[in-house]
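Structures for review follow.
Two complexes come next, and they have one chain in common, chain A, joined by chain B in the first and chain C in the second.
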Partner chain A sequence: MILASLPPRDAFFETVWYLITTYQQFFFTGIFYTIMLSVIGTVGGFIIAFFFTIVRTTKIDTLRQSKVSIFFTIVSQKFINIYITIFRGTPMMVQAMIFYYGLSRLQISFWTPLVAGFVVVTLNTTAYITEVLRSGINGVDHGQLEASRSLGFSHGQSMKLIVLPQAIRQSLPAIGNEFIINLKDTSVLSVIGVTELFRATQLATSPNYRTTEGFFIAAILYLSMTLIASLLVNKFEKTSLRKEAMV
Partner chain B sequence: MSDVLLKVENLEKSFGDNLVLNRVSLDINKGEVVSIIGASGSGKTTLLRCLNLLEHPNSGSILYHNQNLMDPTIDINKHRMNMGMVFQSFNLFNHLNVIDNLILAPKKLLQKSHEETCKEAIDKLSLVGLEPFAYQSVQTLSGGQKQRVAIARALMMHPDIMLFDEPTSALDPEMVGDVLNVIKDVAKTGMTMVIVTHEMAFAKEISDRVVYMDQGEIIEIQPQDQLFISPKKERTKTFLSRFMNI
Partner chain C sequence: MRKILLLIVLFTAVVTVSACSTESGFDITSETEIVVGLEAAFAPFNWATPTENGFTVPIANQTGFYADGFDVVMAQEIADALGLTLVIRAIEWDGLIPALLAGEIDLIIAGMSPTSERAQTVAFSDPYFQSEQVMVVRNDGNYADATSLDDFNGARIVAQLGTLQDDLIDQITGVNHQAALNDYASLVTALLNNASDGFVAELPVAMGIVAANSNLSYITFIDGNGFTVTPEDVTVSVALRQEDTALLSAINDALNAISTETRNGYMEAALTRQPQ
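Let's look at the complex of A and B:
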């Protein structure tokens, strides 16, 4: 049933139905971009965090490394620490404003709100997942790294083959949690005009001022996405654990 | 037996202000089994860990195949491939099953084929009596079984020296015998071995020479039959008498 005109103010559920049927395209677009931003942000953040973690945990060998190599290792490690402090210590909304409007001044043709949104979510998630991986690494017995080094593996090989696979497995719940947080937190990208679900809802409610009803729909949609994501994350963890048990 | 494989000279190592190794010198000959005994905190484990630079000495030299491992220009990883190490707490790779623990290093570091390494891994596992456990998770093994897997893993790299760091200290008493038997079997192959141990009877049985350490210094190095029966130094006598009384 499609309602031809806007229901009266006291007809809450009729209004909800009116908004859904009239602005379904807005909501679909919002859901699509929310999921895309969260998936790409989490996957991209994880990939960068993986390399950050290897650099961050590299031990400096003053005897064997060249001065240039030591210099770059120290600078990279300091950069990563400062990066994490800044991105975890400031709201993503502020980061979005600085990145989008800051880089807009350079007048780069592809620098749209959506591109800026992808970059900000990825960079923000990188900071959190790097910390998650660090605690995952702390959970892997240091003796395994020593055993790996004693066999002749380099530090990087030991991290890649021995430590990180275990650290990642231990960090899966926290990484899944980051994805769920991203589903909700991408809403702040509305400030730079990314049409994710929050912004899409704003657009759907602005002609009719039925804000409560509109965001009631948004809340249900966010809740559905986070619940489905939680189920998928749980299933993924269980599959991963089962595989581990079968080894 | 006179070919020196590993020559340690004036090794010093300190952790902060705490001097753990004080000008330690020691020769390990090819095919020789050397046990290092001493009280806890005497520096024996640190000495062993310095031999493959898991601990970096402050000064001194470690000559291995006539190359000084302390030389910053040498590739320590290449030398470590030839120096098998077995740890007190096994340190198996928990995310891999038994056979994958064995084949990982030869495949990745020696570029051997999967089939070749698997075949060899099964041989090594049968040597340590664990062939039926090849595809089991290492986390399901007992302490003694884990240690035997760790020995097999080290042997997979065909080392010319094996370093054992208190290989039975973390084991239940009933597991100790199996692990010691495997170490004896390895010794019979002519493998050069350095063993840090608290098992005096084992050290006496397996070693060609025994090193007694105390407070970061080597007090006495003797053939095993002499050190246990007629130690020359008073400190060795005191240590051994205390040990025998226990």
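Let's look at the complex of A and C:
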């Protein structure tokens, strides 16, 4: 049996190799979920942040808007601000504990640690990207919004068609950075039992107690993922800048 | 704008309604499978492995992972006696009781001691294993020759978070009770790197750890020199929901049919299967 061949404790690289060959399935699963959580969290967070930003930047027009519409706008703007304050001001680990165990009480059948993990990463990333987009919008000259408004576009239209495309392009490095942060920070989801790379490594080292060797492998895997991600982000940035130059 | 708000309201309503479809108690006559929760990180009681053998059961919520260990063998025995298919789910230690209450799992067979604190929330079966509390130390450390708790005066002692062992540390006079760690791998790392002088563990766990680490050893205490424990502290039991009384008596019947010798044999076999 392969289990019998655990190398002696002082043989560091033999132990590393033993862990890789014995537990490659664990590490692959861990990498898969780490990437899935980061991609879905960043994309999902970006989409929600997009709508949040439109709502957040809406100027209230007392002459044209109905009272109900004004009320909804104010309430949703307040909600978004409170949301951002809470999610940026508390650790993702704490959010994971509250969301997973809190909603477990409702006994929803699909509420597994993995689902809770996806929700927490997405909600957390939403808060950060909403802030990123706001600074991106501040970077777009206000005259553009005024010009499109005077040409008859509604606020939503001018944000969606004129301001946000430019703001997003300027925010791309920061959003890419958010993705890289997510690759590393999803490790905190191990507290609720999501089998991303950190917990997969814990499972691989728990029967043999070779923690240092196991997490040495995890460190290399995390480093490879973040290096590849930053290369991709750089490349993506360059292509979108080139497009802008062509326009 | 209003459309988006409407969507959000609708989504919230759907989630709330679907949340109401909760599971009720466990009915032995109509159920075909029994879902057992464990940590899969508490050798030799339970651990995870990528390779199948005659004792492993696939972990249902993690494809490619198999659970092995004493708890898995006992879970299989109980499932066989009840005529049910065994399903194993791996859940973090702190999440086991919430998962049981939420109906995600039907039983906890995870080397869990039936403490009175836990018994307020869940029901416990008769014990399925009894062990003693020992101290794991470094062979080259100052405490390798200790024989009683008094010898650990001033020592830095640690244990796993939320366990009986962590509470026992305070019985040592003059001890430096360190902040508890998450799992046994962290305890071993703390001890090997001289961040702690020892940790408290159950005998089978300590045996597994010492077998995997030749520079560690464990100290057993003779009566009167060791920790003062109540019988329910040194035994492990199956945990289940308090309303599942029929299931409880069925499990106790199944456990009574397995002799102590057989159980100890299962534990020794689990210790040899554990990678070391």
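Methods note: the second predicted complex is superposed on the first by the 243 of 247 C-alpha atoms of A that agree within 3 Å, B and C clash if a C-alpha of one lies under 4 Å from a C-alpha of the other, contacts with A are read in each partner's own complex, and residues count from 1 in each chain.
In this section, a contact is a pair of C-beta atoms (placed from the backbone, for glycine too) under 8 Å apart; a residue touches a chain by one contact, two chains touch by 3 or more.
No experiment lies behind these values; they were computed from the predicted model shown.
Novice: Which partner does A:230 contact after superposing on A: first (chain B), second (chain C), both, neither?
Specialist: After superposing on A, A:230 lies clear of both chain B and chain C.
Novice: In this superposition, which partner touches a larger number of chain A residues, chain B or chain C?
Specialist: Touching more residues of chain A than the other partner does is C.
Novice: Could you tell me if A:150 is touching chain B, chain C, both of them or neither one (first, second, both, neither)?
Specialist: first
Novice: Regarding the shared-chain residue A:113, is it in contact with chain B (first), chain C (second), both, or neither?
Specialist: After superposing on A, A:113 lies in contact with chain C but is clear of chain B.
Novice: Using the touch definition from the top, say if A:77 reaches chain B (first), chain C (second), both or neither.
Specialist: Once the two structures are laid over each other on A, A:77 reaches no partner at all.
Novice: Can A:105 be said to touch chain B (first), chain C (second), both, or neither?
Specialist: Second partner only.
Novice: Could you tell me if A:51 is touching chain B, chain C, both of them or neither one (first, second, both, neither)?
Specialist: In the superposition, A:51 contacts chain C only.
Novice: Sort out for me which residues of chain A touch chain B in the complex.
Specialist: My answer: residues 63-64, 140-141, 143-144, 146-154, 157, 161-162, 165-166, 169, 244-245, 247.
Novice: Touching residues of chain C toward chain A in the complex: what are they?
Specialist: Within the complex, chain C contacts chain A at residues 1-2, 4-5, 15, 18-19, 21-23, 40-43, 47-51, 53, 61-65, 90-92, 95, 98-99, 101-104, 183-186, 188-189, 208-209, 212-215, 273-276.
Novice: Provide the residue numbers of chain B that touch chain A in the complex, in ascending order.
Specialist: Going through chain B, the ones touching chain A are 52, 54, 56, 70, 72, 76-78, 80-81, 83-85, 87, 89-97, 100, 104-105, 108-109, 137, 150, 153-154, 157.
Novice: Under the stated contact criterion, what part of chain A meets chain C in this complex?
Specialist: 1-4, 6, 8-9, 22-26, 29, 51, 55, 58, 69, 72-73, 76, 100-101, 104-109, 111-114, 156, 190-193, 195, 202-209, 211-212
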